[in-house]
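The letters A, B, C and D name the chains in turn, as written, and every chain counts its residues from 1.
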Amino acid sequence: MTRNKRVTLRAAGMLGASSIAAALAAGSFAWAQDQGPIKIGVIAEAQAVGSSIPLAAQLAADEINANGGVDGRKIEIVSYDNHSSSAESVRAFQRLVNEDHVDVVMASYITEVVLALEPWSARLKTVLVTPAAASDAVTANIAKDYERNKYTFQGYVISSALSQLVCDAAKDMLVDGLKMKTAVIMSEDAAWTTPLDAGYAECLPKIGLNVLDHIRFSPDTTDFTPIFNRIEGERPDVIITGLSHVGLQPTVQWKSQQVPIPMFGVSGQANNSTFWKDTNGAADGVLYQAVSGPDVAVTPKTLPFVEAFQKRFGNALSWCGYTAYDDVYVIADAIHRAGSTDSDKLVAALEKTDYVGTIGRIQFLPQGDPHVHGLKTGAGFITGLLLQWQNGKQINLWPPDLAKGKLTFPPFVKIGAAGN
Amino acid sequence: MLRRILLFPPVWISLIVVVAASTLPLYVSGYILGLLTIAYYFGVFSMAWDLLFGFANEVNFGPTFLIGLGAYTAGILDNLYQPPIFVCVAAGAFAAVTGGVALALPALRMRGPYFGLMTLVAVLMLQNFVVVAAELTGGEIGLTVPDVISIDDKVNYWIALGFMTFSGAVLYGLSRSPVGLILQASGQDAVQAGALGFNLTKHKLAAFIVSAFFSGLAGALMVFYLGAASVGTFIDVTVGVQVIIGAVIGGRRTILGAAIGAVFLIAMGEALRPLGDLATFIVSGMALFVVLAFPGGLLGMVKGAREAT
Amino acid sequence: MLFWQILIAGFAISSLYALGATGFTLIFGVTGVLNLSHGAIMVAAAVAAWAASESLGVGSYLGAVFGILTGLLLSLATYFLVVGRLQKSRKIREEEKEIFILTATLLWGIMIQEAIAYLYTNNAKTVAPIVEGVVSILGVRTPANEVFTAVVCWLSIGALWYFVNGTRAGKAVLAASMNPRGVTLLGIELSSVYFAAWAIYGVLAGIAGVLLGMFFGVSSYSAGPLTASAFSIVVLGGLGSVYGTLIAAYVVGYLETLTAYLVSPAYRTIPALLLLVVVMYVRPRGLLGRR
Amino acid sequence: MSAADVYLEVKGLFKRFRGLTAVKDVSFSIKAGEILGLIGPNGSGKSTVMKSILGVEPPDGGSVRVNGVEVAGWPPHKIAQLGVGMVFQHSRPLHRQTVLENIVLGLLPDKLLDFFPDPAIEARARAIAERVGLGAALDRRPSTLPFADLRRIELAKAIARNPKVVLVDEPFAGLTARETAAFAKLIGEMRDDGRAVLVVDHNVKSVAALVDRIFAMYVGERIAEGTVQEVMQNETVRRVYLGGALETAARPESAFRDAQKPFLEVHNLNVFYGKAQALENVSIHVHQGEFVAIVGLNGAGKTTLFNAISGLAPYVGEIRRQGQSLRGKTAASIARDGIVQSPEGRELFTEMTVRENLDMGGGRLKEKDRVERLEWLFDLFPILKERANQTAGTLSGGEQQMLAIARALMMKPDLLILDEPTLGLAPRIMEQISKALERLRQTTPITVLLGEQNVTFALPHADRVYVLEHARIVWEGDPSRFASEVGERYL
């Protein structure tokens, strides 16, 4: 069943890939030659998860340039650090558009930042693609006032969809696999988790996980003892997580307090290859959702990208990297099809995107959809993965056909013991 | 009278500078303008702070309490009812003044570090409130306001410049006026000032109100320039630190120096952006050097050079 | 059950607060300096310990030592490079030195913080705990590390207490905090007393930082909040009063824990702030303030 | 004279500070165009009286009427607005403003919305400046002015509001003879303007030429009132200032081993505090085992001299210990080498017990010596033994003074400097300390340099006496000749 989906997707992948490669090589439009390079601005958090974004973008740009660029035009990446601050991002955005005259901007994994930039992309009529911000708020704004905000695209799975992907995996692994019945939702209080939690609350019961409690904590929480104690008191089978800004500290304290309940769900920082070291191995047994992972061939492009990235930048690839890499290709493809870098033409072209990248088949939801310009997810598009940290390695466990190992837990986790 | 004011060096020098600055849009890029726009607003923050510290001798660690009140009040109002922008801005300034009084009345009873901490606590409280009252304020996410004054860099720039000039004129004039004299006297020696028949609390409170007014006004205007308000931009202690450092490295008790310092700080931070993470490190390093080597601040350096020659 | 949980968890945190704030108040008492680079120094110590044990792979113990040394060095650097210069400076009028020292230490703190961010990124780091596992106290499953933290904190505070009351050098430091001039008149060089004070402070801050790194983990973002909490605890207890600080640390620690358990972790810090405001209203000198 | 022109009336004024009563039932009144001199040795409470009138230290009892209005308990600025001006002893002008602006400050109304200086005010300021003799310095900054002119600014500020009552605190402190005359004239002019003037100073002589009447205080109480002559003749006053008939037991200078080469030599010492000259060509010497008293009113420069010797104040000139210059030594090392000071402020460690304070003093002694030393001191000051485990802060003033002396003695000093040991102490306590000193003198070879304004206390012990006045040594000699030779000028 699932297997078949894969096959078709793979096929599509081949197809998409080849067609673009051909197109890029062709460089058919004569008038494009005499124009300068295509400039893509990148705003990211140099000191956090976002650090992979500019690197991956650069990698993609270099590959495209190596193949003759887009219709003969080279792609140039201009990137700035935003110190994770909205204000700095706004300044950087202005700098990119007014000073560096970039054609497109890719920005940040922090929804807060993207929300601050969205109005500016509208005001300055510049296409903004976020490779990693997840909140539905971004697309909701576009839906609210399409004409004004249509210049923003969300190159990452929106939160509500994320929750669905987590539920899909939970159904197979926890409910069917481990016969779990109850769960507690634990999320950081941030823009992107609001829709995520809503999604959890809706889909978990559907798959047979009864939600006992729903805890949102402020992102600057340092002491998780009270939270874990409260959860333990409620004796759920699993903790469903919504973590991104924090992640390290709850994980470390989960281990040091030996909370007997597994953690399962979104945990942004767990994607980092350095997560094991940062947590002194407390990560062992942590289960997290991702759209791609090391040595998991989601599509034929995944592994080559990971290799290329690690060869060039060493071992610092975070989840944003995959999407950032794909988005550069998506943009290049759109510019090629639009035959111009004019924002409105570009928007039109992007909306017609059908491209298979490292995380799956990328299409943007059409106008009229409540999540217009968000990524299509689910069967045939992006299904996501479910990985687990197992003695120092990120092992993919779901979907089965991409599974690289078995579900195991550190001794202090007592499956089923908590409940019934 | 007026002639004497106009002939006073700081006045005509700054007039020349302002005139020169107002012509910038003709030959520098929109980006530089955008940067200076923010810098000018920070200039106002620092000047307002300097009035309080430099003259009333009260160390206010919480300039962002006043700024934040102004910014968020204006932003929230616009978000909820979209009245004309100037109404929001006025409301912001008003909120800042009210908050300022509420803070000053108890705080002015305290001395030295206690006053400082009280103002610091005020900031932390406001921060907590913004985060907790997320539906209203946008919480950690920050608040995106539908309207901006203008998206034209030049217009925004001129507004900011004009506003800074206006504030500078008022605050500087105030500091040189009789009231300024009284403030300094009360700041320097409470007993003597009292013996001269001045009601210190009254004057310090007034200073606080003026300071609050301009901080709030600037905050509100800045919201409608950025089109967004977030804790990190308006309230966070680090923002307040920038304001204070701006005033100190510019030269305390000079008002104008504060503006120079703030603009210097922002400009440096931006000029060094390509250095990425190191930018802040270097800027703070420079500031620290100024504090250690030239206690008089940048303006003090200039004065020193003039007197030396 | 809940009661014991709060009691135990609160105790560990409070001890950590106490240790951190004790150094802060010591420096204020003896040298009259409110060191706003406090948080940054603690973080630096923690990160140093982490880097040493992870990157250099010297193991937890050596790592911890390394962290404490870092705290010591930074503290002395703060004294010699920043505070000392300002205190000696003739260009600055006495009544203005306070704000200068505040500003300078603030900038210094930011520099340390940024340096850390540059070298090791802003991501939170947790120092590998020296003791692993959990123990059960009164039926509460408590991480051994939590117990370890509380014990080390109190050993350090005890050591400080012995030094101050049991040794000549310590007495001199204590005396200087009450009356520097008197100390000089008795033939004790103030400069060496100050040196001692900053050295002790550095070690305390170092220990506190490393423990914090093992307990919660730190990131360069933690610097500001750490300074703020030390500042408010010290003011709450009464500037310069060590006992006041200890009490205040526990008041704040338990207040936060109670809020976190009974209300919501999101409101953790608010009651402590309110209390601070109230205390400053009714008793501006703080709980046990002298001045 | 009708009550109408009584501008200042103080009745039954009381002021307490934690237990000790600083001012006890003080009453006096000043009429328009009259100058009253309020005199008393340091700690007699005269400045407290002044502060109470000004409202800085609200009185605990009694009444203060300014031009008939009861102002006791009012905030200072209200009292000032009612017509009370104050000339502070220490001038703190606004450094970044000109002299003119500083004077203008005094003329400004207490209004918030007063943004443009009124030209009339400036004109008045200029007039006042001319009058106090600052006409030439109008546009200069205070930092560039001589000390006397800074005092002139204070004077100008005080009369700016045209007050009915003017309080003047030690008008002549730190001034030269010529400047003193000038200031006397200025204050005289206030009387001519019909103001009521209260001049506060230490002794009759300094204000004799100026005042109409004198009100003399001692330890918080009135001891005499009347014309200069009456007060000068007054027995109590004479006893307080000159001591009654004292038997002195001076040893001739030649009696000391090091008659040729004194243990301590101070040569042409000059010390400046900013503009003010605190010591002017002061030369003194002390022999091994000698007991030298330096008498002088508060502000004469005793403490400055001692601080210079202890290395606490920068100086010009020479200070030698057994021929060795002390220049460049730190205060601490000077103390370690045996020149130990028991300072005016006592500088005790208030939160430490008596015992701990003493141990701090004996820090460098061997355990055995320390114990012996302690025993000896407890025998010298038995009260300290009882209080051994009490914190110093909780001791009475007298006990604290004894502790300060004992702590200094713990260091086994070669030279003990005692600065104002009797400051603010009750006679009974002085008696005890006096006895202790006598015992020291009889039973030990110790060398003592005593600074005192209380002659009664100082003379009996002294082998030699120096009189320090306005930063200069004006007399040196045998205590027995003191009263006859310098009594008058000292009174």
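Everything that follows uses one rule, which is that a contact is a pair of C-beta atoms (placed from the backbone, for glycine too) under 8 Å apart; a residue touches a chain by one contact, two chains touch by 3 or more.
Keep in mind it's a predicted model, so treat the numbers as computed, not measured.
The chains that touch chain A as well as chain C are B.
Shared contact partners of chain B and chain D are C.
Using the average of C-alpha coordinates as each chain's centre, A ends up farthest from chain D. Remark: chain A and chain B have CA centroids separated by 40 Å (rounded to whole angstrom).
Computed centre separation for the pair chain B/chain C is 31 angstrom, with centres defined by C-alpha atoms.
Distance from the chain A centre to the chain D centre is 78 Å, each centre being the mean of its Cα atoms.
One finds 43 Å separating the Cα centroids of chain C and chain D. Residues of chain B in contact with at least two other chains: 131, 277, 280. Chain C has residues 117, 266 in contact with two or more other chains.
Residue positions of chain A touching 2 or more other chains: 47, 189, 218. Contacting chain pairs in the structure are A-B, A-C, B-C, B-D, C-D.
Contact residues of chain C toward chain B in the complex are 34, 82, 85-86, 89, 91-92, 96, 98-100, 102-104, 106-108, 110-111, 114-115, 117-118, 224, 228, 231-232, 235, 239, 266-267, 269-270, 273, 276-277, 280-281, 284. Residue ranges of chain B in contact with chain A, taken from their complex: 29-32, 34-35, 38, 131, 134, 139-142, 144, 148, 151, 153, 226-228, 230, 232-233, 270, 273-274, 276-277, 280. Of all the residues in chain B, the ones that touch chain D in their complex are 1, 173-174, 177-179, 181-182, 184-185, 188-189, 191-200, 202-203, 206, 253.
Contact residues of chain D toward chain C in the complex are 310, 312, 330-333, 335-336, 340-341, 343, 345, 347-352, 356, 359-361, 363-364, 407-408, 411.
Across the interface of their complex, chain C is touched by residues 53, 59, 106, 109-110, 112-114, 116-118, 120-121, 124-125, 128, 131-132, 237-238, 241, 244-245, 248, 252, 277-278, 280-281, 284-285, 287-288, 291-292, 295-296 of chain B.
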